[in-house]
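For clarity, chains are labelled A, B, C and D in written order, and residue numbers in each chain start from 1.
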Amino acid sequence: MRMNSFGRIFRVNTFGESHGLAVGCVVDGCPAGLKVSEQDIQGELERRRPGQSELTTSRAELDRVRVLSGLYHGRTLGTPIALVVENEDRDSSKYREIGYKPRPGHADLTWKLKFGHVDPRGGGRASARETVGRVAAGAIAKKLLAKYKVCVVAYTKQVGKVESGETLDSSMKGVTDLIESNPVRALDVSAAKAMAEEVVKAKKAGDSVGGVIECVALNVPEGLGEPVFDKLTAELAKAVMSIPGTRGVEFGQGFESVSLLGSQSIDEYFYEAGKVSSKNNYAAGIQGGISNGMPIVLRVAFKPTASISKRQHTVDLNLKKNTYLQVGGRHDPCIVPRAVPVVEAMVNMVLADHMMISGKIPRRI
Amino acid sequence: MRMNSFGRIFRVNTFGESHGLAVGCVVDGCPAGLKVSEQDIQGELERRRPGQSELTTSRAELDRVRVLSGLYHGRTLGTPIALVVENEDRDSSKYREIGYKPRPGHADLTWKLKFGHVDPRGGGRASARETVGRVAAGAIAKKLLAKYKVCVVAYTKQVGKVESGETLDSSMKGVTDLIESNPVRALDVSAAKAMAEEVVKAKKAGDSVGGVIECVALNVPEGLGEPVFDKLTAELAKAVMSIPGTRGVEFGQGFESVSLLGSQSIDEYFYEAGKVSSKNNYAAGIQGGISNGMPIVLRVAFKPTASISKRQHTVDLNLKKNTYLQVGGRHDPCIVPRAVPVVEAMVNMVLADHMMISGKIPRRI
Amino acid sequence: MRMNSFGRIFRVNTFGESHGLAVGCVVDGCPAGLKVSEQDIQGELERRRPGQSELTTSRAELDRVRVLSGLYHGRTLGTPIALVVENEDRDSSKYREIGYKPRPGHADLTWKLKFGHVDPRGGGRASARETVGRVAAGAIAKKLLAKYKVCVVAYTKQVGKVESGETLDSSMKGVTDLIESNPVRALDVSAAKAMAEEVVKAKKAGDSVGGVIECVALNVPEGLGEPVFDKLTAELAKAVMSIPGTRGVEFGQGFESVSLLGSQSIDEYFYEAGKVSSKNNYAAGIQGGISNGMPIVLRVAFKPTASISKRQHTVDLNLKKNTYLQVGGRHDPCIVPRAVPVVEAMVNMVLADHMMISGKIPRRI
Amino acid sequence: MRMNSFGRIFRVNTFGESHGLAVGCVVDGCPAGLKVSEQDIQGELERRRPGQSELTTSRAELDRVRVLSGLYHGRTLGTPIALVVENEDRDSSKYREIGYKPRPGHADLTWKLKFGHVDPRGGGRASARETVGRVAAGAIAKKLLAKYKVCVVAYTKQVGKVESGETLDSSMKGVTDLIESNPVRALDVSAAKAMAEEVVKAKKAGDSVGGVIECVALNVPEGLGEPVFDKLTAELAKAVMSIPGTRGVEFGQGFESVSLLGSQSIDEYFYEAGKVSSKNNYAAGIQGGISNGMPIVLRVAFKPTASISKRQHTVDLNLKKNTYLQVGGRHDPCIVPRAVPVVEAMVNMVLADHMMISGKIPRRI
């Protein structure tokens, strides 16, 4: 059983409610000897942090991470790394009603049905604030992978109806700066402006909008992924589908492959510089669930955020009658820009884990 | 680590190579006291079996299951249930070349890269024949769920460019017969004919075609799914994405939700006959990763099968040079019709497991 | 893989080095709705805390626990419970040599061989200070079990050559006070004095002494334990043998049963007040790995602590030559009195977990 | 949850009831490329097989193993290895009463309480016949370890009151032949005769007798075992304590260490031929839960077998009254000689698993 933990060897256990004392995680199984600094983790948290632009929630959180264990003289010990981020802006006055008036589109009702006793403040553990722990853990996975040249980059591919055709190419330089240079985190800077407008438009209408994040993993070695149930596609699918707000995932040609012929989607093999290669990478780096050394490409669909300002029908669980709710609190009209580092974190965690499972990364480096 | 096993409490370990002595599985954790007969399992295997129509491979396998343990007087003992299906048609003469000439689009190359020593006969363990074990195990999960009124139905939603708009509605009668009445296993019988033609056309061209399978789970109780990593969406996504040939999965409005507004995708709540309900089930039965009691709807994209008769470029790993391959052997021009029971099996396994994890099904019934 | 985590459903992940910032744990899988206070946890930590008497180390630690998550209005949420104890007395000046002069009898050398990069301060993660996390987690397990009348009591049975014949009987009153009333935590108060003298004598000689802890679990319901590998005996054996300094474990008649005849060790059955019962409980509450409702009795052997003041031979790993070490630092001449709550914690964790695995405790209470 | 499976990477799932169609196992996670023959497995099964001498049960089983998957051209594929042994002598006429008259000292009653529906024939899954699967799996682990020079040898150390002082020394030659040369499998051939007499004496009296098995693992590399819960001692303790009939386990000086002083039980370090070594190996090869390269020594206590011919008190669960039972069926007056290969199998499984967990054995060899 895993519940709040993820991974086999590189294993992460997150904790924390949105308006509790703290959120964080314990990373177990990271090899000994890896150079990691608090700044490595802080840097990733900054990207997820609220209040970065007018497109995101105004909740004021500095999200300062504190490393309680697992590091000594700047290197991992091979022991559990406990990371804690205290919640500072815990004003939950706006959330009082949630305890008995579940917000439509949120997890309030299902959590109540499942657990009975819940923390309504800011959505409690069901809040996307739990992804702080994922991003912190992902930062360590990223650092570990970087030592082996594996590099994971995610970016916004679509916001509402605005789509961008561009996909990351391994030859591109400075992509990270490019992506961080615009508030929606698009790779395609020309589309970024229209995407931002889509968000602003929704926000003004008291509404919200969804989007697609594309994620590319470069320099992944051959042989990751375990037949038959733990295929790399299956593992990645689970990882990203555990992120709040996701509705679908696809690899390479994805749903479009359905209407193609086999001859239009099979990667034929050729020797190229002594290595077996294919021309089109239709398989997006994974064949039969095992990585083949080419870039892995996946896309994740996020629905429009459930927190909208419009008045909505809901029920009063105490009075057992229909009522209305106008959700206050601080929220994002589009979660996609802030979900980009979360997608990266999950993919980094899966790849770090499978690098260790396959023995490509030893227990001590 | 799991590799060839799946599930937490209701746990399945499959085994077997395509042209080895047998394929099968061990089901561990099934409650004691459940009525199961060999025929229950055999019935599901018949649906997956090759040679059912001109749309499928001509490999001759009767797929007779043998129950080695775990049943006594027609009831489960709560001990491991070992299920074995001997491979009868093991003519692998057509597969000799595969050992050094990997078939494009197949897992031959990545398995070779990962394991070094492989069984080339019929693709060995990478063959979709491993799904025999899944279907056998799924039959037991189905029987277990039936006792609790949970019912999972899958059907072909799209083949190639032919799509059907129809989705299973809980009020429908006789759907199983309807689906089994046409060789593509479509719910929409009028579309079924065009779908079949799409397959035949591809087959005649020595090519292949993909498709989409939709799966609906009815009467799933509230409260299944574990935050935060083992959300029901995440678990189901992994389950179906571990099936050979899959390229994507989506829930409810899926990728389409991206271009909708929040107000078009949020399920508002109302009391209906004393129960909290929503009108549209946009969330497709799962909110915040936890089931809400409404029908769960998911769709899985299958790429065109990799086995086509056309001559393809590949490499000779012995001579280390480019060459061609014309794949012999018996294969399906479209895997979708036979994948329908496999999708059902995986969804049944996930739901049975989560029914037990959540305590809705006890260890002894 | 588990490493620093323990349990299946009721699962604990501990973290922290002896002289790092903090030690602690995350408890995942505890049911929602359980009343737990910080004081419940603090109370158990007090029993493990150093500096309780002249028999224990003089390290000054208040061991104040802080609950970062998982509780709301005094009840568990069903979400991870993060517990942190900051290390206050971090004077590690005495431990500098350990980095290259491994202490005989300690884990210094094997950790160095395994991880390469280690934290020598106070033994780092290999210090028995890691058991703070176990005791904190065990306190929650204890609270959970108490709700179901299950009660676990451990006490010192032997110190050095001083053995006590007394075993806890379910009819005894006030046993906890009795045990806590003497510094060795013996049930047999008359033997306690001689035991304490044994410790003092060893301490004065710059030496150390071992002991046996007996642990009794009362009111354990029938049916706990999973055949065939996860027998309750096997699970308990692993749990207690993971405690630092243990050398053996036995159940009921234990090693003595070897020289008995079957007829002297088989519990014959009789009806007693409508329930099947036995007279002698030779099986110590577990038959075929499954609890039978009678008291569970186990004994754990602790070797003499490895930290003695006597000068010892060791090696200098830098200079690669033989040398001597006179261990400074603060340590216990006999770990047994402080290990009593640790044994209880581990047994509580196993029983809580198996109560949940077997469905005797639901996910929400 | 694991129930009938054991191990993390090298993982074994056993199945089968004593008088069902078959017993066996699936070994998952064994590296690809290992040479294994059916004879390697059969050889170990012969040692466990009933009917080897007058000291063991007369049940007639040839225990022929059949390898259903995972091997190709005499080498492992890295895929699951399914091993099946059909039960031939299924005469269960003697066991009819067990269904409602539980045998004292057996698991009949606790299984009934736990599972409700049980297979009474020969004890069903609770019979020690389930160890066939363990021994078959252990044979593969043994083969794998042999490639890395790791060698595990177990032998009978005590039967009833007859104890032998001899312990395996790494310099001994031909120990396996020595052990197999006498029916009790003692290392000490002079003691073997007295041990055999102890068994015969008990048998004649319609009684049974227990014993101690000692197990030594040679050439185990440094660094196996995972802090803090998966210490090598803890893992081995669980492994052997899952064997039917066990009552205790101890390592090295074990329970005797309790009455020693620290200075009598601490291994001081010295350089010996450039390697850090100790003189006495008091720690028995494991320090702080991690192997140090020296021989691992453990002892397992087996109680007298529960099947005795004497008439015993028991209850009639149908009539709900006290009654008597005189157990028929075929059984061993002392299980120890046949348990020797089972102890070896479990230790081999743990070591193979930890060799893989620590990366000492890769996924492909």
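To be clear about the criterion, a contact is a pair of C-beta atoms (placed from the backbone, for glycine too) under 8 Å apart; a residue touches a chain by one contact, two chains touch by 3 or more.
For clarity, every value in this text was computed on a predicted model and none was experimentally measured.
Enquirer: Select, from C-D and A-C, the pair of chains that is joined by more C-beta pairs in contact.
Expert: C-D
Enquirer: Starting from the Cα centroid of chain B, hunt down the chain whose centroid lies farthest away.
Expert: Result for max centroid distance from chain B is chain C.
Enquirer: Need the CA-centroid distance for the pair chain A / chain D, whole Å please.
Expert: Whole-Å distance between the two chain centres: 46.
Enquirer: Determine the centre-to-centre distance between chain C and chain D, using the mean Cα coordinates as centres, and give it in whole Å.
Expert: About 27 Å, centre to centre.
Enquirer: With chain centres defined as C-alpha means, what is the inter-centre distance between chain A and chain C in Å?
Expert: 39
Enquirer: In chain A, which residues are in touch with two or more of the other chains?
Expert: 1, 3-5, 8-9, 14, 79, 114, 125, 227, 358, 363
Enquirer: Which of the residues in chain D end up touching chain B in this complex?
Expert: Where chain D meets chain B, its residues are 1, 3-5, 8-9, 11, 13-17, 20-24, 26, 28-29, 32-33, 66-70, 72-73, 75-82, 84, 114-119, 124-125, 363-364.
Enquirer: Which of the residues in chain A come into contact with chain B in the complex?
Expert: Where chain A meets chain B, its residues are 1-6, 8-9, 14, 102, 104-107, 109-111, 113-114, 125-126, 130, 158, 160-161, 202, 205, 207-212, 222-223, 225-231, 233-235, 237-239, 241-242, 244, 246-255, 257-271, 274, 276, 278, 283, 287-292, 301-308, 310, 312-315, 317, 320-322, 357-358.
Enquirer: For the complex, give me every residue of chain D touching chain A.
Expert: Its residues touching chain A are 1, 79, 227, 358-359, 362-363.
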